[in-house]
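Both complexes below contain chain A, partnered by chain B and then by chain C.
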Partner chain A sequence: MNSCFINGIGCVSAQNTFENTFFEDAIDISNLNIVKAIKPNYKSFIPPASIRRMSAGVKNSIVASSVAIKEASADQLDGIIVGTGLGCIQDSENFLNKMIGYNEEYLTPTAFIQSTHNTVSGQIALKLKCKAYNFTYVNTGGSFQSALIDGLLMFEGEEANNILIGGVDEHAEYTNKLYQAIGYYRQDEEGKKNILKQRKSGVIPGEGASYFVLGNEQSDSTYAKILDVQLVNKLDQIDLPSFILDFLSKNELKLDEIDVVILGNNGDDEFDTYYDEASSIFESSTLLYYKHLFGEFLTSSSVATYIAAKILREQVIPEHLLGEQKVRKSDKIGNILIYNQYRGKDHSLILMEDV
Partner chain B sequence: MDRGVAISGMGIVSAIGMNAKENFEALKKGQHGISEVELVDTILKENILVGEIKKSNQELEQILKLPTPNSFSRSSMLGMIAIKEAFRDAEIQVKDNTSMAFVNSTTVGGMDMVEKFYDSFLTDKKNQHYISVNDAGSNTHLMADYFNIKGFVTTISTACSSAANAIMLGARLIKSGRAEKVVVGGMDGLCKFTLNGFNTLMLQSNGFNKPFDDERVGLNLGEGAAYLILESQSSLQKRDKTPLAYLTGYANANDAYHQTASSEQGEGAFLAMKKAFEVAGIQPEQVDYINAHGTATPNNDLSEGRALLNFFENKIPDFSSTKPFTGHTLAAAASIEAVFSILALRENIIYPNLNFKTKMKEFDLTPQIEIKKKEVNTVLSNSFGFGGNCSSLIFEK
Partner chain C sequence: MEDLKKELKLKIIEALNLEDMSVEDISDDEMLFEEGLGLDSIDALELIIILDKDYGIKLTDSKDGKKIFRSIETMATYIAEHRSK
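Here is the complex of A and B:
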């Protein structure tokens, strides 16, 4: 059974994660109703003709994965595994708009081809000429975690040396309106929204693409080790503490050995109570938040994974992740636990350790 | 000896039947399920033939005794009918499901409902509940709730190989000890989105699809769902259950050639088969029957044919595509064909490749065209999809 190290990362998000200055400074997004990712310079990575044709999610994925692969110096990948909650929603919307708008006439294939859920993983394989294992998970708030679990299975089964794992979601205009209509996303509102303090119905939607090269060997570029990942689709709040405790004991860890817990609070008053429940059992761990800086999207825990990996390598906790909390442990950061759920479903735990 | 992963139950709905028995009877009689479009409101009705299940959504709701309004898509309802049969077959009660894992797959998800109400969603609140199944995973979650499954639940979408990959992940979950029982498979209902999409690609035939025929012009899209229950040996022993068959080999590889087309030599297909045999630890000559992907598009059958010839070094075992019976059911195809493969093992029968007349010019390859009784111990099933996605599964008695 092999270990699983994070050896390279590329993260395109609403913060300067791609430029790697996010730990020094955060951009205030609290006045936004829709949080968009900062566009990287696509031209350095993608031919101009493709830039026009590709949707944001595909472009961000190509850029982020290239950076991750370069950092890890992973010449050969034994797998490409992508998680995406909404898939290539811009192209789906595009094809739907035309199909319905023109009553099934005058349609062209491009948007349909690109709307396929596994477009991203297929495009990355095509770009790298990578004939290895290629999977795509589309499992709402558990898409990225499913990809991670698949990756862990590959290392446990000694099926791989290096694999690429990613989480990606993109905005699409009409789809955002639809989710606003059913209250999943907040209605547009004026002014600043402190989602960590003032809870309301619905979330502020975000987007992003985070890619990780996972390897079975530690190297100079190693950030951290992924110890375990668990995902269950449904959990009553009352069962959350035992879900966390069972997971930790399976990994031979006690509560006070978790130095940092990264929580997915997104300001939705109906479901943030899960995070309250989780927080209540960690008395000595430092609690961190990130969705007030990135928005909420179905693969947002990939951003939390980026944050955890960087904290473990640099042994620094950026103040802007603390919310109203304080650093409770000031010594060495050894273990980080990420807990996430989306609308009361897809409860996941990601456990990482420093190297 | 490592016998792979046991299959303890299966369920299927397709254009040739609402359960395994009906499907098998149709296969034996050579009765296909390809027809004109009746249930999808599309202007393409006159141009295409499809493998449509002639049951309206209301009829599916009645079969499942669903309360209305509900947010189940057509794909989900087809899936749930198949899963019910798989549970019955495996003799698993709904109350036992809490420790079960569920690996679903779909390409359509809730698109059939979204496209129906897309224009009116913002003005008509009545159908807004269908917005919640806009993403594929939410369909899976609703199904998991229906069956009281509360463990590891996920959804795969890799185009036309989706269900093969769901089956593969399920097997790996069991081998790793992460699960004891897993429901695996795929589902896809027909909808305007896919009919029009394949129409823009000019991949659909206006006649009956003819896999591996020189005059093949394209595929017939189909709809359906099929699921297997994969189970660990220890779990089977605990409840003294004899398995239907074993999944011994599985692999996925990428063609890395083109977003929608397969490479000329079928390199991805070759690699998937090669790895699957390595996992199974058996030799290619042990295969008694190949259930080919065989979509009847000019590109697939040429590429797959070449990959088969290369891999089996020109000595190809009996093979056929069953897509002339069901149509190409996209995400469900590999699990539907997994059920057909298991039935071939159990009943010692291999199925005809309907509509075949003329060998392709490019090579000397004739599929099985008559139903044939023979001892079947090992079956290879191939599935390939957009994004260069290629998967192979090996089933054994």
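Here is the complex of A and C:
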């Protein structure tokens, strides 16, 4: 496979990832039932006339992508590929609420226009005046990974020099209530727990937007190299070790050559057992967690990618990602593996290497 | 009439999501489109809905819209004369 370097990153999340101080300090979110992203100063990036029509996910995406592009000094993009689990769900809700509230009359175009899943990639392209390949993946828990695979394939086919890849999801009030009603999100009284210490049914929902400028050449701003991505929709827990081992073998790596494994534990007692299974095979790797600080959302592995890239460049492991674990390897961090799944589906592995 | 103008300003701020604006920021004779408030054609559709939904006024001729939506003053005058709600 042709090389694929992360040359620029922008991340808007519940932590100070945008201000770039997350590795020094983490905000305790264990008292929250819904974890919201910290709003950056949108006006510094988006004209006021445009801001008013944008939902949180669109605004966060434009800000995060702008930062990533600036950092990578990528003057020209050959593709904009976005993964989103629920898309612009705020405007979808808004439009449907109006449809019900006004008895299917008086429907205005704004919310409808903005409610489509590809609004995000479209708005980024409009801002950049970029007419290159523009695609949006809406594949639930595999949305971001699908975008990443598409990008890697473009490099593989020598179709691109620089691509913007992102993962974004946003909260929407009614949708959150629905997910809570069916038990996917924790009930209010159960939410206020540290998910790494106490597993229960359901997760604490989060949101965020993480964008990466991927390039086929290393530069001064390079964070890390993405070696491979694999995604499967269904996987029995018993088959997880072979899924991981086969993936590593395909990349000519052994278990003990993985220095850090970033796991997606979200505190859901029904499905965190997959992570237990994954943890058990990595005896010498340092295990890290992040959803206790960011919440769970369908594109949250984009946050894990941000964390992995920062660790590989800075060669530092923030203590707040260790949970109850300890650093097992203290020498150079060369390879990081990200394993994620959502409700027992969409199992993904992202392999990254330092440069 | 003053109450109607204030009500209109509040409705416009809400419908068009003019987050940082208050009633005091919009003067009665300020141009709503192009200069002034800088609204556009999508906003015009929102204003048409406000007239229909809240005041029972249906606009059929787009030429009328240009005069009616010139400012808060012109909107309020037209609503006061033609409202059925």
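The working rule: the second predicted complex is superposed on the first by the 351 of 355 C-alpha atoms of A that agree within 3 Å, B and C clash if a C-alpha of one lies under 4 Å from a C-alpha of the other, contacts with A are read in each partner's own complex, and residues count from 1 in each chain.
Operating definition for what follows: contacts are C-beta pairs under 8 Å (C-beta built on N, C-alpha and C of every residue); 3 or more make two chains touch, one makes a residue touch a chain.
A quick note: this is a predicted structure, and the numbers were derived from the prediction, not measured.
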Simultaneous placement of chain C and chain B on chain A, clash or fit: fit
Chain B versus chain C as contact partner of A:N134, first or second or both or neither: first
Contacts of A:R53 with chain B and chain C, given as first, second, both or neither: second
First, second, both or neither for A:K345, with chain B first and chain C second: first
Vertex chain A, arms to chain B and chain C (CA centres, degrees, nearest 10): 70
First (chain B), second (chain C), both or neither touched by A:K177: first
Between chain B and chain C, more extensive residue contact with chain A: B
Partner chain in contact with A:V316 - chain B first, chain C second, else both or neither: neither
Touching partner for A:Y102 - first (chain B), second (chain C), both, neither: second
Superposition-derived minimum Cα distance between chain C and chain B (Å): 9
Chain B/chain C common contact set on chain A: 105, 108-109, 113
Chain B - residues contacting chain A, complex: 42-44, 102, 107, 109, 111, 114-115, 118-119, 121-122, 128-129, 131-132, 134-138, 140-141, 144-145, 149-159, 165, 169, 172-173, 175-176, 178, 192-193, 196-197, 199-201, 251-260, 267-268, 271, 385-389
List of chain A residues in touch with chain C within their complex: 48-49, 51-53, 102, 105-106, 108-110, 113
For the chain C and chain A complex, residues of the former touching the latter: 15-20, 38, 40, 42, 45-46, 49, 52-53
Residue ranges of chain A touching chain B (in the complex, touch as defined): 80, 85-87, 92, 95-96, 99-100, 103-105, 107-109, 112-119, 121-123, 125-126, 128-143, 146, 149-150, 153, 156-157, 175, 177-179, 181-182, 184, 230-235, 298, 345-346
